[in-house]
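Alright, structures below, take your time with them.
Each of the two complexes below includes chain A, the first together with chain B, the second together with chain C.
So, the complex of A and B:
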């Protein structure tokens, strides 16, 4: 088996080597005179240039442009045709009598998205931590076929959101296999995708199904970093398994669970694609999240015109939320590092 | 006396403890098998459904295997008729073909003796099925609906984007790991900073930039925005930091150009890290959905993911095609996974990225 792998590797190296060397020689024709001109000392700037150019063009510049979009109105994309509108979009988004009730807001679609996202993230992240912890602990045991089970739980992570959405839509349809199974066992059909409450539950379930493997892997890495002599000592003392788990495993795993918590929240707030394919945000607006609001407002409003300004303003709000989550992450990892240094 | 008794009891139970299965062991295996069923079941169900006929797809309750009802040509009828096993009133069974269904009764004919017609209540009959695999579900969309083109578009985006990603990110990582220069820390902070700004919060302005370059409805508009990735720079930089500096010094002594040092020495030595980034990039690009959905609105530039979504929206009743094309979209990633599973999992575990 190992030999086959090495052969495959060698084959790929040989196949790729020729065009690779050709390309590199070609670039050298440009790079050599550049090095002559700027000198060896300044070459790192040249190496950084393409990357920073892309970052600048597609991340840094857009950040500024986003602000500009959010304070100008009109339905044109080019700034020459857009007029300054100040905080109009923000006022419009935040025009609410009661933020807890989307119906009292002018832009109720946005606030439904906010409420749905909060609900979605709370349950998705909570259940995600629980299940990835449970799965990782079980996969860390000395079980038969451990490698196989690990890859089984990891596999859905690689699937595209469209594939995930379609597979589950096919299963959860009114006339899908799950309802057939329930009916065969004497139950009644459920509207998994067309009843507002069930659609949200299905969305949360599908999202956990698709991403759990990733977080399980992080927790598993943490479990494997726990020194085994701690467990040996606990076993010598006759500590029960439950106690070992709550007194050794869980406290030492806390840093990894924090990482899972923060990463899952940051990703959860930005959830869009698999839910969009699964339910389309429906029925009504019951599963439409913030990113779907931005997408629909900016790029896909059928009937009315595309409102880039409003979409940009909503993205700014989302950006602030993500910034807060990231700051929490930085703070937590900083305090963790300090603790490590003290030890 | 009491002490010895408890001591003996302890010894006995301890000995037993090692041989005994704890309840968590039973639970673990139960959980794992449930997990296999939940994680693999949907994909197997997708695979089985994707080779069913349209009639088989629409059947409720569905059959697990791709079984289709046998159709027979009967003289005097234009369309082939469906075959049933019918229990007649006298208790005997017979194979009959259905001409027409009226309410809860059905008009049937004996295919061997076309003169004989029957009226049968529908609960007295059973479909005769055979195992049949409908490969047309795969071939029709490729022939009729341009899926070959979408497949090509997806491959183009994945390959070109991965090449660009590998080159420009490894160049930046090389600069940030091998050299000492003024502004290095600023550049590092800059790269870290971009990690904090996901595409979802700059959709409109990136669209604006792309529009200014005239790349809307062009595959380049999909490829370029994600080409520079902070994850990639970090992954490669961490690896390149471990390379021995003596090699580079020696090459410089031999008057190698900096570019030659980069591609002849540093890149080949960083192949493990580059392979991880390559796999990640392939995965990201193949599965990419939100950004292509915004940039690509003409069907001739659709990638597979966008086409699948649009196709599903247009033809909700054609689940057989949708499912087959879902399989096609899934297969390349599944193949990569089975070959390179170790690479992917260690890559994710070491970077915390996906």
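So, the complex of A and C:
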């Protein structure tokens, strides 16, 4: 009986081995001569090649094309028809009497975008950290329906930015749901999306609503990694709740908050779609961010003023900012790793 | 000096009762050890005293004051955790000073207190280090130091030596004992290790499934266990148990099993089942004529200064025999064994000890 079982098992192993062995032989036919030529030591590069190809095709090549567009002029798409213009686009972008006043700049739309983005990122990131922390602390407590609320706060992260923009447009429009509710309760309508100040506030709020779940999750993970014993020790030490939070929870949460800060900053600088759908960058240019400037300049301008070169130059500037933020994140996470290794 | 009294303590988690009416008195300045197997409720009881767990009913008195509804932070007790629970982002100094800062004590006094505790525990050189840069033993000292600086009413220890290696555990055990002598506070110590309990305690409380099985001085528990649980738990290796029946023969009552026939030294009822208990060190190897029973060696542990024999008897119970010195015995060898009459314990079928009527 035992023998029969072993035979059946062996039979199946053999059957399943046939296509596998066939595949391996087929790969061998190709790999063998390659290995002969490049040597065993260089084989890892051969294995990386397929991925590198696609990475190159969709990341490196477009980057190169972007650089090329930024230093050439004209309306044409093909390089053969574009003239080399050197730093002309960059000079044009940075031609400013006072960088703090967009009106003194030749390309004032760009600088309005820059100013709006800086304002947007500072408030969005600050408030994002505050609300993520607050939500995570509450969701970490033993409250009724904790699992449900954790899902609810994460749900917006799963929505497409366009959907987010549309939902909040319906709510915040002059004739939207929120104003209907305010009016029904005897209040006056607010211009949530058409007053410059309110439009920026609404944009920041919607953006926080849409992305907070993700950052809450990071903070929550940090909170749960704090051993409960520390809180008990603090309690035995006669520590007040506030002091426990500021002296124990917050310092131990710092690495997670740092990650939230950097990721939210990078994402904040890149913000475009949900705000574009919500306000269209308006009223005027009051909620127009850098990415919208790039999009409008490169693709959406009416008539023949589509300026690929200028858009490419602006996106290069944005790229440098993002690169700096990423380097800071890498530096901070590395120095943390080194600290861990010291233990 | 603090006396701690527990009166009729019950504790339930939802529908499950885990502490079933525990009464306990820790006299001022004494070292009390709560000992028992995993899940017996000893840590829960300690956390109840600390104020980290609420009781379902009962009374907790510290220095005569009822504290059941007073939060942990206001009970004035200090606790040393198994995992040390040091604040990882603070230096050793900050860890020790933290509770004093909570009390808004002036910096100079804090410095004096921390330095004197550090000196007592020999951790002065590490004060500026973070906990992660310390070894397990050093961390445990810091945890103890953190407790000492507060001058607490009593010290609570929750299995503080469990995370240390065997050698360090012995050293720390001695140091804890010395520390108790030096600072003399009331200490309650939880452990599952009965050797720790025996060596440290003024008083041991053995817990079993949420009940107090027995409380008393270490040797009192060892010599006069109340039941088979305490008899089996206190002492290493554990006490041997054999099922016997009391048979009347002439004017005497004998305790009889398939392999054993021994005169009872206690008053027992005739024709009743009992459990006979005898510790390994109270069984001697002797000549056939003097022996109480014959056993076959299953295996032996030669420790150099002493030898343990694990023997099988005719009635299928295994006997552990302890002998000082070295013996050349092989598996399967026969041994003739004699029980020390004065050290035989007898338990009823309910596990309770049968004591001599005196």
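Here is the rule we use: the second predicted complex is superposed on the first by the 289 of 343 C-alpha atoms of A that agree within 3 Å, B and C clash if a C-alpha of one lies under 4 Å from a C-alpha of the other, contacts with A are read in each partner's own complex, and residues count from 1 in each chain.
The rule is short, and it goes like this: a residue touches a chain if its C-beta (ideal position, glycine included) is under 8 Å from a C-beta of that chain, and two chains touch if they have at least 3 such contacts.
Keep in mind the model is a prediction, meaning the values are calculated, not measured.
Trainee: Name the contact category of A:238: first (chain B only), second (chain C only), both, or neither.
Mentor: The answer is both, since A:238 touches chain B and chain C.
Trainee: Name the contact category of A:129: first (chain B only), second (chain C only), both, or neither.
Mentor: In the superposed model, A:129 contacts neither chain B nor chain C.
Trainee: In the overlaid three-chain picture, which partner chain does A:45 touch, first (chain B) or second (chain C), both, or neither?
Mentor: Only chain B; A:45 stays clear of chain C.
Trainee: Just chain B (first), just chain C (second), both, or neither: which does A:62 touch?
Mentor: Only chain B is touched by A:62; chain C is not.
Trainee: Based on the superposed arrangement, let me know which partner A:229 touches: chain B (first), chain C (second), both, or neither?
Mentor: The second partner, chain C, only.
Trainee: Now for A:332: first (chain B), second (chain C), both, or neither, which partner does it touch?
Mentor: A:332: touches no partner chain.
Trainee: Under the stated touch criterion, name the partner, chain B or chain C, that contacts more residues in chain A.
Mentor: Partner with more touched residues of chain A: B.
Trainee: Please report the chain A residues shared by its interface with chain B and its interface with chain C.
Mentor: 238
Trainee: Along chain A, where are the residues that touch chain B in the complex?
Mentor: Residue list for chain A touching chain B: 24, 27-28, 31-32, 35, 40-45, 47-48, 50-52, 54-55, 57-66, 68-69, 77, 134-135, 138, 141, 143, 149-163, 166-168, 170-171, 175-177, 180, 183-184, 209, 214, 217-218, 220-221, 238, 241, 259, 263, 266, 270, 272-273, 277, 291, 294-295, 298-299, 308, 311-312, 315-316, 318-319, 322-323, 326.
Trainee: Inside the complex, what are the residues of chain C that reach chain A?
Mentor: Interface residues on chain C, with respect to chain A: 50-52, 71-74, 77-79, 81, 83, 85-89, 98-99, 102-103, 132-133, 146, 150.
Trainee: Spell out the part of chain B that touches chain A in their complex, as residue ranges.
Mentor: 14, 22, 24-25, 28-29, 31-32, 35-36, 38-40, 42-43, 45-46, 49, 58, 60-62, 167-169, 171-172, 174-176, 178-179, 181, 183-184, 187, 190-191, 194, 196-198, 200-209, 211, 224-228, 233, 252, 257-260, 262-263, 283, 286-287, 289-290, 293-294, 305, 308-309, 312, 319, 322-323, 326, 329-330, 333-334, 336-337, 341, 344-345, 348-349, 352, 354
Trainee: Flag every residue of chain A that touches chain C in the complex, lowest number first.
Mentor: 227, 229-230, 232-240, 243, 247-248, 251-252, 342-343
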